[in-house]
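For clarity, chains are labelled A, B, C, D, E and F in written order, and residue numbers in each chain start from 1.
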Amino acid sequence: MDTGDTAFMLIATAMVMLMTPGLALFYGGMVRSKNVLSTVLQSFVCLGVVSIIWVIYGYSLAFGPDVGGLIGNLDWAGLAGVGLEPGKYSATIPHLLFCAFQLMFAVITPALITGTFAERVKFPAFLLFTALWSTLVYLPVCHWVWGGGWISGHGGLDFAGGTVIHINSGAAALVAALMFGKRKGWGKESFHPHNLTMTMLGAGILWFGWFGFNAGSALAANGVAVNAFFTTQVATGAALLSWLIAEWLVQGKPTTLGAASGAIAGLVAITPGAGFVGPTSAVIIGLVAGALCYFAILAKSRLGYDDALDVVGVHGVGGLWGALATGLFATTAVNAAGKDGLFFGNPQLLGIQAMDAFTTIAYSVVVTFIILKVVDLVIGLRVSEEEEVQGLDLTQHSEIGYSL
Amino acid sequence: MDTGDTAFMLIATAMVMLMTPGLALFYGGMVRSKNVLSTVLQSFVCLGVVSIIWVIYGYSLAFGPDVGGLIGNLDWAGLAGVGLEPGKYSATIPHLLFCAFQLMFAVITPALITGTFAERVKFPAFLLFTALWSTLVYLPVCHWVWGGGWISGHGGLDFAGGTVIHINSGAAALVAALMFGKRKGWGKESFHPHNLTMTMLGAGILWFGWFGFNAGSALAANGVAVNAFFTTQVATGAALLSWLIAEWLVQGKPTTLGAASGAIAGLVAITPGAGFVGPTSAVIIGLVAGALCYFAILAKSRLGYDDALDVVGVHGVGGLWGALATGLFATTAVNAAGKDGLFFGNPQLLGIQAMDAFTTIAYSVVVTFIILKVVDLVIGLRVSEEEEVQGLDLTQHSEIGYSL
Amino acid sequence: MDTGDTAFMLIATAMVMLMTPGLALFYGGMVRSKNVLSTVLQSFVCLGVVSIIWVIYGYSLAFGPDVGGLIGNLDWAGLAGVGLEPGKYSATIPHLLFCAFQLMFAVITPALITGTFAERVKFPAFLLFTALWSTLVYLPVCHWVWGGGWISGHGGLDFAGGTVIHINSGAAALVAALMFGKRKGWGKESFHPHNLTMTMLGAGILWFGWFGFNAGSALAANGVAVNAFFTTQVATGAALLSWLIAEWLVQGKPTTLGAASGAIAGLVAITPGAGFVGPTSAVIIGLVAGALCYFAILAKSRLGYDDALDVVGVHGVGGLWGALATGLFATTAVNAAGKDGLFFGNPQLLGIQAMDAFTTIAYSVVVTFIILKVVDLVIGLRVSEEEEVQGLDLTQHSEIGYSL
Amino acid sequence: MKKIEAIIKPFKLDEVKDALNDMGIKGMTISEVKGYGRQKGHKEIYRGAEYIVDFIPKVKIEIIVEAAMVEAVVNRIRETANTGKIGDGKIFVLPVEEVIRVRTGETGKEAI
Amino acid sequence: MKKIEAIIKPFKLDEVKDALNDMGIKGMTISEVKGYGRQKGHKEIYRGAEYIVDFIPKVKIEIIVEAAMVEAVVNRIRETANTGKIGDGKIFVLPVEEVIRVRTGETGKEAI
Amino acid sequence: MKKIEAIIKPFKLDEVKDALNDMGIKGMTISEVKGYGRQKGHKEIYRGAEYIVDFIPKVKIEIIVEAAMVEAVVNRIRETANTGKIGDGKIFVLPVEEVIRVRTGETGKEAI
């Protein structure tokens, strides 16, 4: 046990927890005023539902003793044997701290997905979906990549969860956007974000928390953590500027929401490579991420699916770019435990990165589809048209956001 | 001195500081728009008043050399002798850091009380009350429990301040609610929260800061801190869900404010036991806390006192439940320095917990009553009816919250 | 390498990053609703622009091998040689972590200046100004004081950047206020802050982040960091009260914005002395800072320049007071690496402090003037009158802050 | 058919609404307005700068009634909205030529 | 010269505006109002306390038109704002004595 | 007794209010409205999606005056609210049948 590492991971874990309220605000500011509470609430509820799942069986399925490379067994259910001594995954910090850190990742992933079906989902449908998706999609994929499952063996790099979290949620979001269908008025009415200062605050909190997310993924206060911290900062700054400039060139105005969106795109894109690439590579990864995600979102309107808050365009596309970029820019000069990427003489890694990403997408798409079909049968996915017009806050929660 | 422990406690202390602005927002969102600034300001002012008291005499009275088990003496006034070396209360961190950490607890406790007399208190009355209450109630009770006073000897468990902070402020709040009387229009007009997104943000910040509060109470980056961190997270998540479900069953709708309130109830309830109970017990403590506090608040309307922002229902009732729950669920398997509770074979602890709680309530009730009588005589507690109608922001501070 | 120090500095760096979004909100709440996004965006953009400058040449110019005491050379451009081992400036933490910490200081300094030309600056003019000012003013002054330049040798004390950051930005802000001229309607229309709860939130975040800023400037989780932490807290609390009381006496009402402003004044004033003065001195520094900055701002209306968000009155005046106060209250009893000030028997220090401050002011004033002349020629500083009436959000960014 | 416009103090709205409801008025339209008049405004202070705000929040109630009802309604509003203090507001009566219910197309008396 | 005031459901505003625009109405003024009527309000719940809110968000459209246009405009609004459900709103027609364009000083027909 | 309704640009409000005050108008009621007219709106952009917003913030001033004052008031508003640019707004004059002061019950001339 090392007190420095433990100190770092305790705070990093708290910072990752804060990302979920940050996301609630980031998303909440972008919906219309009549749906703000329902949007905010859905992220908060993930903090409840997933925490309980985690204690009962979640941690055990994700990280418990491996069963055929596919899933953990239930030996650690109820956190049996997950104690205050260092454990299998952490030589210098208590096992339970690793478990706490991983819990926060498991919380935010389904919260990310809520952006796609915002402004039209039935609250009970969201609840059932979240419980099922966490169990049937998140836990297995997490096990494959980090818990000793089949992916972890074959050499892909995912420093802080680009695949498990962003590609995974992005893929699920695409399926959900298609299955929920368009919001009433899509393409005719305008869907103004109702409070962009809230979105900016959310972006600031996410940026802050992401240092815990990425640097914390080193599981120690060491050089790799510092590298991850630094690359996170500069990739994010670069992506912020790059989105801003891209929209300035294309539409003639640099926007505030563009800056925030660019920052998140940068955070997403640097996630898988944060501990494997150097600062200059991080700047390039960020510059590409900002513009790329901007164009992905422009494309959305053409493709015609209604991913309300652009989970696909930011987390899906940004995450995919990040996974591939790690295959390009990774270098063992930064992290001896990593690998070299294409630009450092090893073309193989890129292929592995792509394969891991697409496997995850395939699994996530199929199982998300089945889950949503079941939820639709049992509860129904969408509120009625009239409820949609009145807003989810009043119809699902009997509250309104503001009486200013 | 240990740099890891020092690092942890520095950041934990900053996180507890942040809870007071977080509380300002949590409370501020629940009042009517015309009183938002006065509500927010009162929490901020505690950061000023209590910090200065703390330097001059507060820390010395609370933690200085004991006088008859009742109070510290003035040897450490002006922080004389409170230096940068480890001290009486902290083997591995500087004495002044322990003093800073404790300062943040002393700041937030009177800030919690402001929720009960919100929307009608005269600003100077609040100011005098806060100075007197901190001195005459907080400092002695703090000394009894943590500063070597009479309670600390006899074996009760209060890991992070369930008694000193929550039960204490809850009891004071009940007295204050009765003495301030109802807001104009109570039971007739509706008192809509004016900005629930602000309340949700406040809840998120409180949750984050509470990790510093609870885990930091281990005073070191060790296993106990990790246990406190984990139980805090899962009790809070459980309480969030439990309040949501309780109101869903009783009133037919799960609400956003309910989720936030449940989370705070869970944070309060796990506070005394965070470092003494295991994760599964924490889930149970949280599940009970959410529903219990919800019913406590339902009861308020029947009992007919106007505790504006439910300090009694959440901090009083939640804190009491937490103290008793520690008597039920504590186990030396988690923390050798703790004790076993009823469910682990030791029925005695429960009695001690109850006795400590009720002693604190009795003392707090009596002295708060006297202080408020004095403040009423000297300044008067409430603004005039006309000022109440116009709002405290304009009448007490010549400002308005929003010009959107 | 020390994991405790590294843990502390990682988190402290993240906290300083968060100050820039905090500043965005602090400033954003004070402008009129039609300019809120442009104000918020300008702070965020600094996170982008300065991060990239820092990687390419900024860190090297500021901290790279010294050239004649004036500037660093380009040996470390692209962060060549800035690695994960301890470096020139940090014995116990990775060099890149020191670089990251310093980056956050470089980000917030130009962001502070944006308060002076708020509500009338052209976005491209802001962008060019920020890039030029960071390069031509911030980097040299930073080098002089911290990077081995001519000031660092001659014995002045600046613990956490009173001179480099606050005096420097305050001086630049004064020049900018004069060159931008008054906002349309100044002295006739009223410029109500549009959302004071946002400003309070920003103040809370700044206060929190400032612990990273000041305590982190110890570069280690040690006693000096603890001292800086504690003095930061109590100076801030004292300044909050002092501003409140000053305006209560002068104008008859204690205001919420006054409390927030006082807190920031206190944070600014304690910055240079945080690690050199004791707690009681810190209280006095804070008490003076709050009232002094209040009177500085009252004077502004008389002097008739339009420093929109009072960068001069708070950062310039507060920073200057802090630098001089360090010359008065510093004591080697707190920090053996420091010096004694006037009140501890060494009158010399005060002179050095004053000289360093005025040199910085002179340099900043002259170069800022030249930069703004250039920007005015190339792009033009101000938007048109019509755009100013319509607001910067719509005219510069095609967005509006709220649709509630 | 007449239109009654009443400008009243906001905290009196619920009382007036209930009183009118009791006397059989089944519909009205409300808006938030700001009033300028004899009632003096308030001062606001931001960082030392003092602003006098002359406009005071008021509520405007608009009710279409048959001509025969006007007097009763006006009196009822007067009674309930009255606090005896300056700034209680005004009631205006305007002629209306036609009233139509959107849903049914009914006009006149039937439409209100 | 007449003034038409239409109280409609907010989500119908764009449709009504476009319809009027198509028939040559080049100007109108809109405000957010709250309606009280046959359409029942909603319940809100905050920490167990239940509040009935009677006032429902509506939009008021004000249009000045020549007398000859009144019928056509009223009909157009009726057609587009109608959902067939309670709460669709009302249209009122009031007399106007004069209209002046601020910019030019034009009056009457020329001013609208 | 007449009602003057003026729709003007928001930033002109203070000037108009002061001008009217100077000529002895002691009361008025203001509301925030949105205008649609010849003045063109603006574009907003959110994540690539462009929205045209036709409605422009305006302020509506309502003043009840004696018939004899109408011309003077209208002229005064015209002079002060005029910027010469499209969108300066309109002034409407409507008949009023009765005015009552809530506080005192005074009617007519006495009530304003």
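Following the convention adopted for this analysis, a contact is a pair of C-beta atoms (placed from the backbone, for glycine too) under 8 Å apart; a residue touches a chain by one contact, two chains touch by 3 or more.
Just so it is clear, the model here is predicted, and its values are computed rather than measured.
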| item | value |
| --- | --- |
| Partner chains that subunit B and subunit C have in common | A, D |
| For subunit E, the least number of touch steps when starting out from subunit A | 1 |
| Interface numbering overlap (same over half, different under half) for subunit A and subunit B | different |
| Which of A-F and B-D has more C-beta pairs touching across its chains | A-F |
| CA centroid of subunit E to CA centroid of subunit F, Å | 18 |
| Subunit B-subunit E separation of Cα centroids, rounded to whole Å | 51 |
| Subunit E residues counted as touching two or more neighbouring chains | 31, 44-46, 94-95 |
| Sequence positions of subunit C contacting 2 or more other chains | 2-5, 7-8, 11, 15, 192-193, 195, 201, 253, 255, 257, 397-400, 402, 404 |
| Pairs of chains, among all present, that meet the touch criterion | A-B, A-C, A-E, A-F, B-C, B-D, B-E, C-D, C-F, D-E, D-F, E-F |
| Subunit E-facing residues of subunit D, complex | 3, 17, 26-31, 64, 94-103, 105, 111-112 |
| Residues of subunit F defined as touching subunit E within the complex | 2, 6-8, 31-38, 54-55, 58, 60, 70, 74, 77-78, 81-95 |
| Subunit A contact footprint on subunit B (complex, rising order) | 2-5, 7-8, 11-12, 15, 32-33, 192-197, 200-201, 203-205, 207-208, 211-212, 215, 220-227, 229-230, 233-234, 236-238, 240-241, 244, 251, 253-257, 259-260, 263, 278-280, 283, 334, 402, 404 |
| Interfacial residue positions of subunit C with respect to subunit D in the complex | 190-193, 247, 251, 253, 255, 257-258, 261, 294, 297-298, 301, 310 |
| List of subunit D residues in touch with subunit C within their complex | 44-51, 53 |
